[in-house]
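As written, the chains take the letters A, B, C, D, E and F, and residue 1 is the first residue of each chain.
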Amino acid sequence: MFRHQKELQYEVKVDRPDPMLARQVQEVLGGQFGEMTVMMQYLFQGFNCRGEEKYKDLLMDIGTEEIGHVEMLCALISQLLEGASPEDQAKAAEDPAIAAIMGGINPQQLIMSGLGAVPTNSNGVPWNGAYIVASGNLLADMRSNLHAETQGRLQVSRLYHMTKDEGVRTVFRKMLARDRYHQYQWLAAISELEEKNGVVVPASFPPEAEMEAQPEAYKLFNLSEGTESKEGPWARGTAQDGTGDFEYVSDPKPKGKAPKPGVPAPELHHDLTASVTDK
Amino acid sequence: MFRHQKELQYEVKVDRPDPMLARQVQEVLGGQFGEMTVMMQYLFQGFNCRGEEKYKDLLMDIGTEEIGHVEMLCALISQLLEGASPEDQAKAAEDPAIAAIMGGINPQQLIMSGLGAVPTNSNGVPWNGAYIVASGNLLADMRSNLHAETQGRLQVSRLYHMTKDEGVRTVFRKMLARDRYHQYQWLAAISELEEKNGVVVPASFPPEAEMEAQPEAYKLFNLSEGTESKEGPWARGTAQDGTGDFEYVSDPKPKGKAPKPGVPAPELHHDLTASVTDK
Amino acid sequence: MFRHQKELQYEVKVDRPDPMLARQVQEVLGGQFGEMTVMMQYLFQGFNCRGEEKYKDLLMDIGTEEIGHVEMLCALISQLLEGASPEDQAKAAEDPAIAAIMGGINPQQLIMSGLGAVPTNSNGVPWNGAYIVASGNLLADMRSNLHAETQGRLQVSRLYHMTKDEGVRTVFRKMLARDRYHQYQWLAAISELEEKNGVVVPASFPPEAEMEAQPEAYKLFNLSEGTESKEGPWARGTAQDGTGDFEYVSDPKPKGKAPKPGVPAPELHHDLTASVTDK
Amino acid sequence: MFRHQKELQYEVKVDRPDPMLARQVQEVLGGQFGEMTVMMQYLFQGFNCRGEEKYKDLLMDIGTEEIGHVEMLCALISQLLEGASPEDQAKAAEDPAIAAIMGGINPQQLIMSGLGAVPTNSNGVPWNGAYIVASGNLLADMRSNLHAETQGRLQVSRLYHMTKDEGVRTVFRKMLARDRYHQYQWLAAISELEEKNGVVVPASFPPEAEMEAQPEAYKLFNLSEGTESKEGPWARGTAQDGTGDFEYVSDPKPKGKAPKPGVPAPELHHDLTASVTDK
Amino acid sequence: MFRHQKELQYEVKVDRPDPMLARQVQEVLGGQFGEMTVMMQYLFQGFNCRGEEKYKDLLMDIGTEEIGHVEMLCALISQLLEGASPEDQAKAAEDPAIAAIMGGINPQQLIMSGLGAVPTNSNGVPWNGAYIVASGNLLADMRSNLHAETQGRLQVSRLYHMTKDEGVRTVFRKMLARDRYHQYQWLAAISELEEKNGVVVPASFPPEAEMEAQPEAYKLFNLSEGTESKEGPWARGTAQDGTGDFEYVSDPKPKGKAPKPGVPAPELHHDLTASVTDK
Amino acid sequence: MFRHQKELQYEVKVDRPDPMLARQVQEVLGGQFGEMTVMMQYLFQGFNCRGEEKYKDLLMDIGTEEIGHVEMLCALISQLLEGASPEDQAKAAEDPAIAAIMGGINPQQLIMSGLGAVPTNSNGVPWNGAYIVASGNLLADMRSNLHAETQGRLQVSRLYHMTKDEGVRTVFRKMLARDRYHQYQWLAAISELEEKNGVVVPASFPPEAEMEAQPEAYKLFNLSEGTESKEGPWARGTAQDGTGDFEYVSDPKPKGKAPKPGVPAPELHHDLTASVTDK
């Protein structure tokens, strides 16, 4: 069960409205790696968690914090839209300077939401559930979480330079700091889990089952001409878990045959009889 | 520019058709973490790569290999569907044993593709471009790649137990071995990049800009009751890059005010005048 | 079966082209509450209607009218795009005044449709079937219809101020008037149905089944700090159907336990054994 | 800012697992009118609220409650999946009784989430942001909320009969009771707002602007043959706000002309010259 | 403007309900090539038509007919669902024979629509506007129409064998016949347009502009090993419009250089400096 | 299995960056008929091909070429974005000339991809698998391929006029030439297949099954007022395969009855009892 406090986690106070920026900020609210994504991802991972309480509690701590980040970004976007008006669009047909601004805005923030944040990315594509991951395997999910915070901080970094508004930048700085913490945090969780179970996910797939395929687990196939990739730590030395040595295969050959699927039943209407017979 | 060889990378030969399994396997072809995802992700990262040749070459090596994995899974699915027929559905209305099988199939594999693989997941949702990531930041993308191979191998592991067909399992074992290598490989790339630039992405965001927000980068806020999460490496000790010490905040307080967005222009038709005045 | 008449329901004649407005108008054609939505919603409700003829006939009357509204908006958008040309984009690279206009247009209206309306919203997101509702319960669907006309009229009202073009405004006024009628109409239908069956949908869920949960049907839980919501008609007095009295619960407590899902089978590869045992 | 309590709002305890039901229940978690929808809808309306505190507080009370409902349904689905295993699928290829069950499950609940709830509907379509509404107009949004609770309660009513499991039914009864309260609640808010501003949304569109279109606001056009719809309260008497009298138009005529869009610029490549000239 | 007649274009009368078939039939109602697609495609092409009246009238004739086909399929699906009930699902948990049937149904046809057709395909994916095409170029669109009727008839052919119900088959036969006519019809339109403008679309792209690229317009590049494709009419002889001779290029070479995109501005945070310098 | 060569198929060298154009070009990369579509469509058709080797080889030749076209367009877009910077957005808030440019760009090309191509169309909608077709029927698929190349060339033609950049135009000319060849090629394949099997797809649907519906296969129903469509080759003369004569039906009548679906079980909660009884 959840509870809400009216105050925001951090202060949100823009210097001046900027409807174009309001559109851009949507990316880190409702985009692939926006706050809606980390919020829903941590909550689903926490809700579905089977096993260790300390991870579940951590997920619920952060997931709950992220609901508040969605709240903060909605407040930010509302302030950036303050004063935007349908009349501006009418003027835009006559005045290129206004047209320049109106062209860069998200029309749905006027027409659909009446100056509010929308649950979409910066191009108006609605947020969707396929952005999130909750696989049941803790290490798999922690890697997803690290990745999400990585992309999130990268995107806020870029947005930071897209405005000179000190009020907006102050909010972004807080978000950057939190995304930094969240990177540390998932890194720490990952280290702990890798120490226990090894670096390959899932750890529990029976090694004997993989036996005959084993040699394939250490080869880099040179399928793009040029051998620059040979010069990396993935092409020489021993695998991180010491189970084998990496091998660079300069001229890989196929090991399978060309596929020859059978001719389907006539009720599938491939029309093959006619076209095949006399050729 | 690309070239194609008719033979498959690995041999694909199922013991017997199994249309229900054909549906499940779609998850690792056209799902969030299927082969279409890694194929398109590595190709886009490679195509967009600005900078180091050795990473670009690596991305193109693996991306090109993954096109071949999509090819292998299509061959596998075709074989699993071999012999499936529309007539079975007609019989299903009369015979529960056949109905049991037909209920579990993907009707589109009959009606739409005539026994072929489809570019969708196991529930028929079309693959889409928002599954992939190509951010321009190498460490960010390598973390995404590690994560994708992690989820991919986890899903194939689960599928492995969903069939006793040795032919199918042989294909899965090859995929598991390759997904293992790809985890090693991205881990190696990540280590190299983290050594150069540190573990926080992006490394280049000017630290002085973040200054006043600095303290927020080391705190775990206890927003979910219970203190189990206090017992992890993310709540004590020093951050991985030595820039500060973690702090567990037992009873976090909001630092912002409750938001008070202004009243919008009347042409936005919030109808506030009437409803606001006398309450 | 349907028939088509070449004339439009109302005259459509814009004063002058305005490609930026052509993009905005897409919202009320192919957006969540655009004419495509009400058209498909009323037709599906009518086609699926089981029961009263008078409602079915009403749905078919209005659904058929709405096909004609889609037609009108396509005509409007075509006129607003008249004269727009790919060459303008080439000039935009050199002239900011033209760039201002071109930046605000929908590139697909040039590239994809060659100056025609497209089945998308104002941000280019394709219309989709999940926008519509046809539940089989008449009162449920009439509430959906009232809501759709409510949002539709609100959006057209906002668009109305986004242009000074009297030709466009004349079309919008007709649409506003029709949306007004449709609100009256669904309100009338709703009143009639609520009188028969009561205000709670579905009316037919057996009250005895809900018995032990009954008390939960009258409580407002104060889960967001502050007690402003206590001051509304939903927090005091008797429920609309007289079955109970509203109660404001100032400090609600959970009534369930914390969930403890079981540990899954090892073939699901949660990797829990290793990570769980020694912590 | 939000906080989380580990206990669930209501007790969730199923009598026995039922993976087929686990799939169906997804509809009221991640479907068009599932708990994710009401949760996100009330939160966005609350976050974006400009104006009255008592409505904002109400939205935040209920939005916060709904996060807890998502949590409850995730717990319910986890329990229904308890014990489901990939091995069952392997057996299904040989045993129709097991095939019958496996055919009805959602393969993603095994492969993707490892026995957890997924952010999709009962057919596996991911939840998306276009399911929700936050328009800025209070009456418009309250009608949306009433509608959402209406469809939500209808769907849970149907699901209620799809199981005999008393543990599941107890959870559903609590949800039905809450959905009943929420219908009362939004009805009360709607009454209050309609009393102030009238029943037509938006109330603030200037009546003088609509003047010449006025007569269109009271007519029912008989566009579907048959006159059954004439027999409803929408076709006779006075509009709810007393501004005019309804009129049934038996044989409506178009008032516009057939549209004649102009021939586009040659760079749009309609290829009209050749095809038009000599016909 | 449109009008509706209550009678269906063709009689729809199934012999007996079959909820599994009800799900499959959704493919040709709301799938990629279902009746919703041809209906919306022809209507949009007709609405957007600039130029010849005879094509516009044809598009409106057929588009209007297709609205009636959507109506027929909704009637068909309603009849196939007749009698299906939520209680069956409850029984399915105990009886595999019933489970077999329930596993194959679309749960949304019970929960969401209460036994009605839904605007989705056979896997529950909502119909969307990106299925349709209205490009403004008549020949381009006629090819799309021919293709849509081709896929549509193919899918109905397959469905035909999926039932032995003579009532259903009678409906399908009517649809097959109409789809046959529509193939004839678009073929006739295509012949007429190709005679005027030639076979390459668009005809109007200035040939002199393409001049230096001309030779590329006749070559088949052998990029997949094996030379079977050399044996087709596309690899020898003269192009259909007599403008050049086909050429089979056995060992095609790239004509471009490897791309070297520049290093981006530091505010984009590619983190390249650190990682690039010493490698 | 596939291999990659570092050089591009054709040279890509723009004269100068143009971020607005970079957005437009996305349409022919990741739009409905962009290079991603033809690439994935030909590869899936090739992978799924059952039957003739010469067609399979052809599909693999062209499919493999198209991967290289995706690569070329990514290179083109990268060059068009060269030098674009987040700082420009900050300046845009102050300078309308810069705002004009920034309004027309795709914000995701800055924030999400850091100046790279994205797998979306020109409005930012992600590419999805429902754009492609692989039906198993060769003639059906060749018609789809011809159509895809038709729309593709049409769109590139329009884009060609949207820039004066000779470097960009040179790339487009190569694409136009290749799209021309691909139209020839699919036309040749279509002719060959139509000669064998006739023009109606599928050819194999048993004619005797369609018998009683036969007359419906030659009629044009005049459902849109006006008789212009009577003047086409589809309304007179003999069908292309000589099986019957076309007929123009001036005043078509429905042949079915108005549908009367039965009243559903009470557990579906249509609430009909109450509302039906006394009316």
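Here is the rule we use: a contact is a pair of C-beta atoms (placed from the backbone, for glycine too) under 8 Å apart; a residue touches a chain by one contact, two chains touch by 3 or more.
For clarity, every value in this text was computed on a predicted model and none was experimentally measured.
Of all chains in the assembly, those touching subunit A and also subunit F are B, C, D, E.
More than half of the contact pairs at B-E come back, by residue number, in A-F, the repeat among A-F, A-D or B-C.
With centres taken as mean Cα positions, subunit F sits 27 Å from subunit B.
Between the Cα centres of subunit E and subunit F there is a gap of 9 Å.
In subunit C, the residues that touch at least two other chains are 1-9, 32, 47-48, 50, 54, 60-61, 63-65, 75, 78, 85-87, 96-97, 99-100, 102-104, 110, 112, 114-115, 120, 123-126, 128, 130, 135-137, 139, 154, 157-158, 160-161, 201-202, 204-205, 223-224, 226, 254, 259, 261-262, 264, 267-270. Touching subunit E in their complex are the following residues of subunit B: 1-6, 47-52, 54, 85-87, 89-90, 92-93, 96-97, 99-100, 102-104, 106-108, 110-112, 114, 120, 123-126, 136-139, 193, 196-197, 201-205.
Within the complex formed with subunit E, the subunit C residues making contact are 1-9, 30, 36, 40, 43-44, 47-48, 50, 60-61, 63-65, 67-68, 70-71, 74-75, 78, 112-120, 126-130, 132, 134-137. Of all the residues in subunit F, the ones that touch subunit D in their complex are 154, 157-158, 161, 267-269.
Residue ranges on subunit D touching subunit E, taken from their complex, read 18, 20-21, 23-24, 27-28, 31-32, 96-97, 99-105, 121-125, 154-155, 158-165, 223-226, 252, 254, 259, 261-264, 266, 268-276, 278-279. Across the complex, subunit A meets subunit B through its residues 5-12, 32, 46, 53-58, 60-65, 72, 75, 78-79, 82-83, 85-87, 110, 114-115, 125, 128, 130-131, 133, 135, 137, 139-140, 143-144, 146-147, 150-151, 153-154, 157, 160, 169-170, 173-174, 176-178, 180-181, 183-185, 187-189, 191-192, 199-202, 204-205, 209-210, 212-224, 226-229, 231-234, 239-240, 246, 254-259, 261-262, 264-265, 267-270.
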